[in-house]
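Letters A, B, C, D and E mark the chains as written, and numbering starts fresh at 1 in each.
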Amino acid sequence: MKKVTIAVLFLLSFLFVFASLDLAPTSDLNSPPSTHVSPRYIEMGYKETGALNMVTAVLADYRGYDTLGETTVIFTAGLACLLIIESRRKPKR
Amino acid sequence: MTTEFFLANRPLWAVLISLVAAIVILANDRRHNIREAATLLAAVGKFAIILSMMPAVLAGQIIETTPLTLAPGIALHLRADACGLVFALLSSFLWIATSVYNIGYMRALKYGHETGYYACFAVALSSAIGIALSANLLTLFIFYEILTLATYPLVFHARTKEAIDGGHKYLVYTLAAGQLLLVAIIWTMIVAPGAGFTAGGFLAGKAPVAVLQVLFVLFVLGFGVKAAVMPLHDWLPTAMVAPTPVSALLHAVAVVKAGAFGFVRVAGFVFGPALIKDIGMGPLLAWLASITIIVASLRALSEDGLKRRLAYSTVGQLSYVVLGTAIASPLAFLGAIFHIVAHAFMKITLFFCAGAIYATTHKENVSEMKGIGRQMPLTMAAFTIGSIAIVGTPFWVGFVSKWNLGFGALQAGQPVFIAILVLSALLTTGYFFPIVYTAYFGSSEKELSYHEAKPSLLYPLLITAAVSFILGISPNFGLNFYDLAIQAVNSVFAASSGLSGGGL
Amino acid sequence: MLTTATGYVNYWLISILMLVGFYGIIATENLLKKLMALNVISVAIIIFYLNLGQKAGSNVPVLFGEELGTVAAYANPLPHTLMLTAIVVGVATTGVGLALLYRIYNRYGTLEETDVLKEMRSDS
Amino acid sequence: MTANYPALIVIIPLAVAVITPVLGRISIVLAQLSAAAALLVAFISSLGALQHALAEGSWHYYFGGWAPPWGIEYVIDPLSGGLATLVSFIGLLVLIYAVPHLATKPARENTYFYTLYLLCVAGLLGMVVTGDVFNLYVFLEISSLAAYALIAFGGSRATVAGYRYLLIGTAAACLYLLGIGYLYALTGSLNMADLAELLPAVDAPTALVIATVLIVIGLGIKMALFPLHGWLPDAYSSAPAPVTGFIAAVMAKVSAYAIYRICFFVLKDTGTAIIALNMVGWMAAAGIIFGSIMAIAQNDLWRMLAYSSVAQMCYIALGVALGNTYGIYGALLHILNHAVTKGCLFLIAGSIAWKTGIRDITQFAKMCRKMPWTMAVFVVAALSMIGLPPTAGFFSKMYLVMGSVEAGAWGYVAVLVASSLLTAIYFFRVIEYAYLHQPAQGEAVKLEQENSVMARRWELPASMLMPIILLGIGVLTLGVLSEKIIADVIQFALPWGMP
Amino acid sequence: MRQRYGSLILDTTIRLLVPFYLIYGVYALVHGHYSPGGGFQAGVVLGASIIMVNMVQGDSVTWGVSKQTAVLVASIGTFIYAGIGIAAMIWGGNYLDYGVLPFRGIEPEVRALGTLGIETGVTLGVAGTFIVIFNLLIGREE
């Protein structure tokens, strides 16, 4: 079983290596992520949101809704733990 | 406005009235009288509605309604044409008789669970009328499946081991067939989008011959199970564990005739007689039907249980209809459609008699019925009438359809099937005559006193027996079955010119 | 050739890290270790995203003073933001996973998968 | 507020969820009422949004006022609007159902349950209406985390099932995240519409294939697509009844919807989606047969239904894989139909276990007497699962067969036909046990006594019976109105460029 | 009640460090606009400092926030975030459109204030949740 897993994963690693050649190399200034969408965050971030920290600008404003989701995820995790562990001590019916 | 609305949608009301009745029945679980009154009212109402459409249809009008769309381009399309009206009139008329009989029978035998029984009966009738009046394949299929579902509880009604097994078998056969039918119907819908039943068929030239052949086989398999074409007939004798009214109305009229009627629709209104000839599937089906007729008759000879013998008789007789559609000449078609009517009256009489005997004396095997003709003279008289008619004796209703079938075979240039008809008549005599003989002349060990069935059982069977005599002399009596059948055949064959005989 | 290698070697390392994580999930018996392997995967993916945000010669995406340099002078802030979310999701998942493990251990006294499953099947 | 319908669909359940612990402190009834009110608002908003989308085309809602691709947008088109309506409606029904079910648990646990339940619903709603692939991931995680905990709430077995689901589910989410990572690396965008525009120009076949496969496998695990369904039977059969009812009804469907969305709306012009879909098609066909056979082998009603879900989810996958108009009609209609039907069946299974403690089918004798209404609805829902007219299931199956016939995929036709018959076997088995079998001798007497007591009582509390009956009516109504749904909604949900 | 882990050295260290942790947490929150930092980081620092107090001093220390309180804090914190979004809706903008909030100032400043508001919510939410999870995982009874 383990050997099969290793073999499959080994093959997969070749696939990933092969696929990576389709991507822009690391640190490429002209890669799609550096040229689409993100320039606006860098250029307009301060003007539009008043945050010098562009990460904050994106996090809290441009993509603020994701962050709401993120906070909710954490909150969900807290309540999930509560429900899981608290219900251990349930009174017998 | 409202009257017009009511009149225009009569096919829909005809279907819905017994569904409503089913709901009323379910709501009155413990009030027997309301429950049974609802059944009777719905039966009479349904018959009245369908009867009211007859003059218009005879005059050449077609009453149709499309209350709902089922799929893009395909509506829940109900249409009262001559062909459908034959079946609708027949089943709704016989439902009245059966309802009366039902009440007597169920009260005599105390099965229990009667609310569900009556409700299922009503739903089954709804779907039978739906099948009769549907104007396209999908509508027909939906009612066809509802019919399967509604009759399944009726088969296992007694809840004995045997009944449950019978129900199983019934369900397996009909559901599997239903799926094949569904594939056939969907394929047809893809080949000819949005087409409804067209007199003379609509598939010609729509697809390669090979595809049409496969389609035809699928249709045969799909409808063949309910029409009990051998080798797909096995469920029918097993399903005889159901209470007799079920066997009488559903397993002799509504359910099995739905299959036979499906053949008529497919042969006459989907493929068309000409196309069936062209793709060469007619003879195949005709021989299948012939084999069924002979083998089923032989099987009937060896059965001792009266209902099982009747069941095999039904299997054989249904194939007359299939044979007629397969021969696909005008007269054969006429014979096929009229045999739906003829067989219904004859066989329901016979089943009613079997049920009456069982409810009164608890005898269900032929060998036990020695001397029962003296004990229940009226019932046995009706039984005798039914037997004589079903054999095909001239001046009885069975003769009319067989005569037409025979001439149809000649018309199509296949006289060999006349031999089949004659052989079948002989065999039929072979298995009905002993019953009658035993009943009148067999001597029983015990002394039998006069003990006729009670009125609610007796009157329905006398009426149907009388009708099967009257229809033999005057096939148009009362409900104009013969004219309607002729009109249906004319419409089918007028559309496909060049076939021998043309119209009638 | 060398430039290719330097440009892509990150992706390869990340792939290997991720596959190691998958190996961990599949091959280890211990439920806690599986959870840790899951974290390895999630870290690999986080690095993958951050790798996408890199630009040669860029600085952190924070304006110091109000002078804006060229776009090329700042790293892409979007992957950072996304990965902040992913990190939090990872933490949350780990928390819930640990809570579940806590209960499993309390109930069955073991964290070996086969044992737990055996106990569970016999448990009503 | 009308202008904010798309946001309200998700926001109101979310906001109410996060404040529920506080409300629950004050009074548990307050928490229940507010939760129900929140889902009602979500339902009304979805309906409003759907109506707007049908009347005036798809509705794009920009969060924070930032236009995509910079900000996050919600897209209400007939498809997402319709699905949001479905999710919120079933969410509301199950919430009502859950109230008596949880009455014996302490108030605090009740509060946490409702909070997580709302979060789960909100997460699914968010997945449905979002137009941003990363936002979809975030909401996927919200709903998943909530679901893990809710499943584990069912007891010790459920904890193990929940943990296994957590492992598989998180791995799935990671795969999905990596998949969209590739898409991001290739285009620099995360917005679905923007991706759809940019991707055809991208020349990176291997990376695109990897991205597609990762996304499809990731979401495939979540929708329990065979052979990635391993988590499902344990999870469904050990979770508390309302939870199973809800997640079985909508959770997997939302993932199926996401696959459809991404394959047909994002990757449609790249050509890789076709490869992935072919793969999905055969997996689905195998899954239909496997799920049905496994369902026949089960004696536990819950597990039977769970395996049935495996098979039925594959119906949806099959329709999507067919990729022609009828196939997609069938798949989308089946999402709707199966949600209502399976939700109904699991709620019924839950009620039976709640009232009588019986889960084993072989002990169902005389169940029709104990719970006549419930069992009547069960029969209707079972018919729909088998695919018999006039119930909803028939029509979706009909479209699937139509799609297969049109595509000439006779193998699929055979599978669909065989599956109907197999489904009939295991559902009629239950029906026969419930209606026809006689209980053992000793039990019969006890049953009579129980019956005499119960004759005067309503079979289930109204708030449990009402959702079941509503869903049962829904099964019939959806069947009768299926064409209307197609003509009014689903027709507009097809990807662009299709007839 | 568990034994506290503390000793003299730990006690003293905590006494000295916790105020700085708290201040640093608040700094990370409010300074998130200008430098690396923000709600999550702040929340984690705040949560961690309280967890630390809890660990060292045991439950007897009155400001070791209890599980129930922490849940409420997390709940309220997350609600602040969602609520600010809803407030934006009420003032006529889209959800989370801080620009329409009725603060004085030009739009970027208003937006920055809105951002600060939600970051506060995030901080409370994260801090509360971490305390809850920690308390649960160490199996401390009420």
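Here, contacts are C-beta pairs under 8 Å (C-beta built on N, C-alpha and C of every residue); 3 or more make two chains touch, one makes a residue touch a chain.
What you see is a predicted model, and the numbers here were worked out from it, not measured in a lab.
*Asks:* Going only between touching chains, how few steps reach chain E from chain C?
*Replies:* Graph distance in the chain contact network comes out at 1.
*Asks:* Count the touching C-beta pairs: is D-E or C-D ahead?
*Replies:* Result of the comparison of D-E and C-D: C-D.
*Asks:* If we define chain centres by averaging CA atoms, which chain lands farthest from chain D? Would you check?
*Replies:* B
*Asks:* When you take the mean of every protein CA atom shown, which chain's own CA mean is nearest to it?
*Replies:* Centroid comparison flags D as closest.
*Asks:* Could you work out which chain's C-alpha centre is the most distant one from the centre of chain E?
*Replies:* Taking each chain's C-alpha mean as its centre, the farthest from chain E is B.
*Asks:* In whole angstrom, what separates the CA-based centres of chain B and chain E?
*Replies:* About 79 Å, centre to centre.
*Asks:* As a quick test, compute the distance in whole Å between the mean CA positions of chain C and chain D.
*Replies:* Centre separation, chain C to chain D: 28 Å.
*Asks:* What is the distance, in whole Å, between the centres of chain B and chain D, each centre taken as the mean of its C-alpha atoms?
*Replies:* Their C-alpha centroids are separated by 43 Å.
*Asks:* Averaging over Cα atoms per chain, report the distance between chain A and chain C in Å.
*Replies:* Centre-to-centre distance between chain A and chain C: 9 Å.
*Asks:* Two-or-more-chain contact residues of chain E, please, as numbers and ranges.
*Replies:* Residues 34-36, 38, 40, 71, 74-75, 78, 82, 85, 95-96, 98, 126, 133, 136-137, 139 of chain E touch two or more partner chains.
*Asks:* Two or more other chains in contact with one residue: find those residues in chain D.
*Replies:* Expected reply: 14, 18, 21, 63-64, 134, 138, 141, 145, 148-149, 152, 159, 162, 184-185, 190.
*Asks:* By the document's touch rule, what are all the touching chain pairs in this structure?
*Replies:* A-C, A-D, A-E, B-D, C-D, C-E, D-E
*Asks:* For chain D, which residues count as touching chain B in their complex?
*Replies:* Going through chain D, the ones touching chain B are 383, 386, 388-390, 394-395, 398-399, 401-402, 405-406, 413, 417, 420-421, 424, 428, 432, 436, 480, 482-484, 486-487.
*Asks:* Taking the complex as given, what residues does chain E use to touch chain A?
*Replies:* 32-40, 67, 70-71, 74-75, 77-78, 81-82, 85, 95-96, 98, 107-112, 114-115, 118-119, 121-122, 125-126, 128-129, 132-133, 136-137, 139
*Asks:* Which residues of chain C touch chain E in their complex?
*Replies:* Those residues of chain C that touch chain E are 60, 62, 84, 88, 95, 98-99, 102.
*Asks:* If you look only at chain B, which of its residues touch chain D in the complex?
*Replies:* 68-72, 141-142, 145-146, 148-149, 156, 159, 164, 171, 175-176, 178-180, 182-183, 186-187, 189-190
*Asks:* Which stretch or stretches of chain A touch chain E in the complex?
*Replies:* My answer: residues 46-53, 55-56, 59-61, 64-65, 67-68, 70-72, 74-75, 77-79, 81-82, 85-86.
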